[in-house]
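As written, the chains take the letters A, B, C and D, and residue 1 is the first residue of each chain.
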């Protein structure tokens, strides 16, 4: 059983054709799980729908509390990439004994060229088999929360030496 | 370092618009890794391009030999779903000490509604962290080679009791 | 007001993931009109769902009758490309005073690389403005029914000299 | 022979994954013509790459001059929808004897759910057969430049009464 917490981020952005800009409507997670023919037992819960640059400490506290309180011990969090590491740190400081994997996307799922479906398959798989801890799953790789940074020039996640 | 062996299957089928049927041209693996923004160190090698219902014992012997002889100890094999379990068995009987993950797709990657990208993200992730053994990664799940079957009515892989 | 008659063809083929082959389910026309944000007043009617190589004289007689009997004087017919010219001829021999445009696709709409949406936009536009007659709209062009053939090597429709 | 002038607009917006916003790179027109298997003789020329809300009088003068000076008498202009009618008016006031069709998209072509390919098929077809004049082709319909407005609430083009 895996709990999936949705927090927004590029992953779930969609194109608002009336106003000609990117925005949030609902989450694409259920559609993506269907497309991946996923048979993993999951519960999807939307905590918020925000750009991760706009995420506040209050938002982060809600995510931490949700991870601590849910009965599942395996959790995937979809999150904007810009502050994913910061949220991972907040979760790691407060939640023990659970396998928690944060993932996101560089390109919205609704775009043809998105990495979202690849990342979701990757994050669920890591969440199923990694030992307790807080991880980031991006670019087909996983990183411990305290040994990774997003390289903003290249857009990829890198291991800290 | 992960070696990816391509053997064909639905995963890589494409639409031949002159003859109006599904067929094989090259593999979509490099394009899919690019789309997933994968930073996993991989070497892609096409062993064959066949429908898994047409796969012969000679084909399987080639796959087994390739797995045994490549220097990598982590391997992903893309394969048609219909005889994926049979090939997994052949590999398991001959190759020890390596983590080998077979995956495929129910719908060709070239189709809009494919599960291929999700499965590739999943298979690479399992290959990175599972202990030595032969596994099948489908539907977001992994199965030991000797405890799984494809349910041909529903199209999903199920655990054998 | 345009009547759209659906007869099948590559246009509407979809991938049957249980049997691993192309087949017909329902038509994609309403979804395509929605995607194109079409505001053309249309009525979509499925006459049959067949590969045009399997189309019989009885099928063609039904198409001719449908064109003759519907109240609209502007008609689009979606049709497999292989015998599209033959059906156009049958319609031209029996129906006068209407603008009838046959179109199809080289690649199923459900595939990412389909020409279907382009062809539908083209066919509807020709149907709105061309004088009475029977036409084929493919490759962004229109042809009178008696001056066109499908080049089976290149997959394109060509003007007969 | 049709000249296609590219001016930008939603049509050609793409997702900049490093900065997380929509922006322009090259035009998608050649790729779209390939996807549509277009056999129309076209020359694609990029005049500018701007959001139509940012289009200046100088930009419009360049479009008018390009239409007047090119040898082709059939022209398609891709353009942002917000000021498409304004540019159509400027062209109509200065260019005579040519069939000029402006089109655009409500959703970027690079998005899965774009109307761009449908509109391109439609605009090319209208450009091939309409008499000299300046038209807007959107939503599968064509409008004379002086009898249309964009309804900003619904996002569709409507005939002025």
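Worth a mention:
Rule of thumb we're sticking to: a contact is a pair of C-beta atoms (placed from the backbone, for glycine too) under 8 Å apart; a residue touches a chain by one contact, two chains touch by 3 or more.
Bear in mind that the values here come from a model prediction, so they are computed numbers and not experimental data.
Farthest chain from chain D, judged by C-alpha centroids: B. Chain C maps onto chain D through a rotation of 180 degrees [Cα fit, steps of 5, range 0 to 180].
Annotation: A-B is the more contact-rich of the chain pairs B-C and A-B, by number of C-beta pairs in contact.
Remark: chain A and chain B have CA centroids separated by 26 Å (rounded to whole angstrom). Look at where the CA atoms of chain B average out and do the same for chain C: the two points lie 38 Å apart.
Each of residues 106, 112-113, 155 in chain C touches at least two other chains.
Working note: touching chain pairs come out as A-B, A-D, B-C, C-D.
For chain A in complex with chain D, the touching residues are 10, 15, 17-18, 20-22, 82, 106-108, 110-113, 152-155. Considering their complex, residues 32-33, 35-40, 106, 113-115, 117-126, 128-130, 137-142, 155-157 of chain A touch chain B.
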